[in-house]
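Chain lettering (A, B and C) follows the sequence in which the chains are written, and residue indices restart at 1 in each chain.
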């Protein structure tokens, strides 16, 4: 290239437009990226972020606008063409073939093996074999392998979509270090994330989308978070705690609704005891794979505990089937929304499903009553009603609202929420906290696992911290700031230092 | 396992039928490639009944399924492996199974093809004359409509050997009647429900029809005319029990049944046993010519009335026996039990 | 070693089951020997090719209901082209039939990719289309097969117990499948069956790969049709019972309906198992109506047993 780097941007997308039938997804989206720069791409649900990403990576064709790489216009029609033009994405769902082993996946997209090994090592994955089947590796490992594969082909632009979601904290640190180092070495990165801490730590600039158009391009500096949120939402937000501030958390009194004692299940959950009271939101804080999955599965009747006891309202329980747990008033909302929703059916049907299931097995469905409750739930959830016909057409945030909101229509005693806000924008997150608090104030008990520590003080009354399959701490919401939670989650007492 | 069965069969034969000479106890193999069709089921039952009644057969190995020529090759070779003394088969076509037949004959196994011919040298053939079958019925029908008119031609299964033979006979009759017009030609696949739907569809169009020739899917065609209140026209079918009953009872129905005895299977067993006993036929090929029973002809009507048998399945041909070739009773063929059952 | 067993566990299990069946066969029929092996192997040919074709599209996440009809088209084409053809004509006929197979498969695949109608609907429609084409080519069984070509699958080679037809099968499948499975196209076929979105994002051309998978299926179907004509000496326009049998063998052979998993070895062993079961039931003169019940039961029991064993293996 004759032109000096920095003078003209490496990637320059201008006025990108896209519509699907009558729905306009993008009106005027723009993004510029210089060599060695990390730019955060931000936007609330439905702002057009994922459409923009799909266009940039060749998965969709724009209706208008230009995309230039090094000043030359590209018209990539497939991901393969976009990759040849120098743009390599790492999506939230790993683009690895589950039924092929690691080596075959590398061959499939012509990834050189040695650089790949180097990056896997750098990113802190140990003991990986090239003949490991992808389908048998944990999600966190797959996300790292996907990143390593992208790094190995040395693309000019790396696009990371919620790269740290579903990663345990130690791997998050590794990823951030590697990305920073790569940028310092001249790699350009588009970074999509909902985690402000990461963005302020990592990024140089933030480009904000709202309603299909780029509404701001700000350098990252002190206090920029509030500005970004304002731009994303189009209106200033109240500062401080979310909806949780309105609800004063009551000190638990009386006997607990759910009493868990010395519960052990699988290889990871070894000894957990906790009490969950009426009207309480109890947070569960843990790094990836500390036994929280097994805890929720045991409570939901999906997995048989190997020892310990579960009591509901003082009665000892033994669940053989999820039905037993549901009959005992325990409602599980899994982390994977695909496990909970009928993706091809409408919002109304999905909300009505537990309602219908509750009515005697073969009884008639009382349509009027159902319709009223469902309408009520949709209004309270503020679900975007444009795509109600099929749940799969809703955004991730709206899907999650449906999985939780269906229990509003039904009425719920105890809700088990497993990482309900993963990969969801700030506004929807706040709506979900609000929902959870509302359910609690109506007398429900909520057990709330989150992989984002910052959520704990916003949604919970108390939090139990699980490390290595055991409860290591119980922290009141007032004291649950991120450093405290992080220390506890690492299994460190308050006096010791965090690892560097 | 097989020895046990054989032993048990011999013991029961000795105990039950003391007069039967057990020394002769042959093992027969049977191969058939259409399952669930009334005519073929009667054929298999005739084979079983004749084998039992002859007293000379210890066990039957029956390969009876829906398959093609390649599948029949497999079945014949499996029967050879099973060590049978003779194989009676209804060939899926005249050439396709020759290689396995030749292998069987080379091992000294007697092979009798029934219903359709095979071209393998050394095989014996006891067959209904399919070309003649179609010619007889078509000629009667064309005469019935006065030598000119619109005829619906309802064939068997496209590409099947027997259908092709019958088509040749039908075309031969057609050449003799230049004023006959074929308004509709369909393949019933020898399926009752399919044939009925096809004629109902045709009747619904309101197009003219002066007569119907069917390749053995017959009683449902009469049903269709009656149900849709269409004026009855002359109909040609086979000597299936249901159709023969209709010829005797349905008011205003003029029709003819062409005989196509499924009991040819029993005759094939008899021929195979004769050959095994050293009694060779004069020629390798024995053709059984069909007869036509028209209900507007006194002689035909007498045959139709004599053939009524309410115990028969409506899809079964009424000619359950062939004099001189089969020895079982009507009850025995309906019971459909072979040796050892 | 343990990895090999876990990866090839299904195939090893099928082989053990096949060996058990051979033992059972010699118990039922002590004379079972060379001619039995030969007839088993010859009976297996058309089923094995139909199954190989079906396995490829199932691995790619599809299904091809027209496989038996394509075999009929190939069979009658071969019989018509070879009728009266000499040595050179026969070679040309074989090449032509294989090309017809590839083309039919590619048409199936292209129809699925470009109309976006589900594969099961498109290939069901093509089942009738190819059936009609076969009847247009030959309206009744007829034509001929060149004698020296027919000899290719008769008798034995090298050892008395090694049927030529078996060698023919192994060579044909190996020549097509081994290079294919090691190529990028082969990986892509597994990839689109395993996770179409991930494959697309990995740079796989999903549409072209799907068309290629169906074309390979067509090629195997053509080989199947060719062996029908080679063994019967004529072409038959009515499709034989190969559709359901091939789906059954594919499932029994460890290829997961839905795609991504399995290979060709398992399904072909499964074909031998199903044919040998048929042979044993004929040898034991079991009531023919019971035979199909037994075949179906074996399939369900084996697949279920495999599932249970796989689950146990994962737990330990």
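One rule holds in what follows: contacts are C-beta pairs under 8 Å (C-beta built on N, C-alpha and C of every residue); 3 or more make two chains touch, one makes a residue touch a chain.
Worth saying up front: this structure is predicted, and the values here are computed from it rather than measured.
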Legend entry - Chain pair, most C-beta pairs within the contact cut-off: B-C
Legend entry - Chain centroid nearest the full-protein CA centroid: C
Legend entry - chain B-chain C separation of Cα centroids, rounded to whole Å: 34
Inset, instruction - Starting from the mean Cα coordinates of chain A and chain C, work out the distance between those two points in Å. - result: 45
Inset, instruction - Would you mind pulling out the distance in Å between where the CA atoms of chain A average out and where those of chain B do? - result: 71
Legend entry - chain A-touching residues of chain C, taken from the complex the two chains share: 3, 184, 187-188, 190-191, 193-195, 197-205, 260-261
Legend entry - Contacting residues of chain C [partner chain B, same complex]: 27-29, 31-32, 35-36, 39, 42-43, 46, 134-135, 138-141, 150, 154, 227-228, 231-234, 236-241, 275, 278-279, 282-285, 287-289, 291-292
Legend entry - Residues on chain B engaged by chain C in the complex (per definition of touch): 1-2, 5, 35, 59-71, 73-75, 77-83, 92-99, 157-161, 163-164
Legend entry - Residues of chain A touching chain C in the complex: 57, 59, 78-80, 83, 89, 91, 93-100, 104-105, 107-109, 131
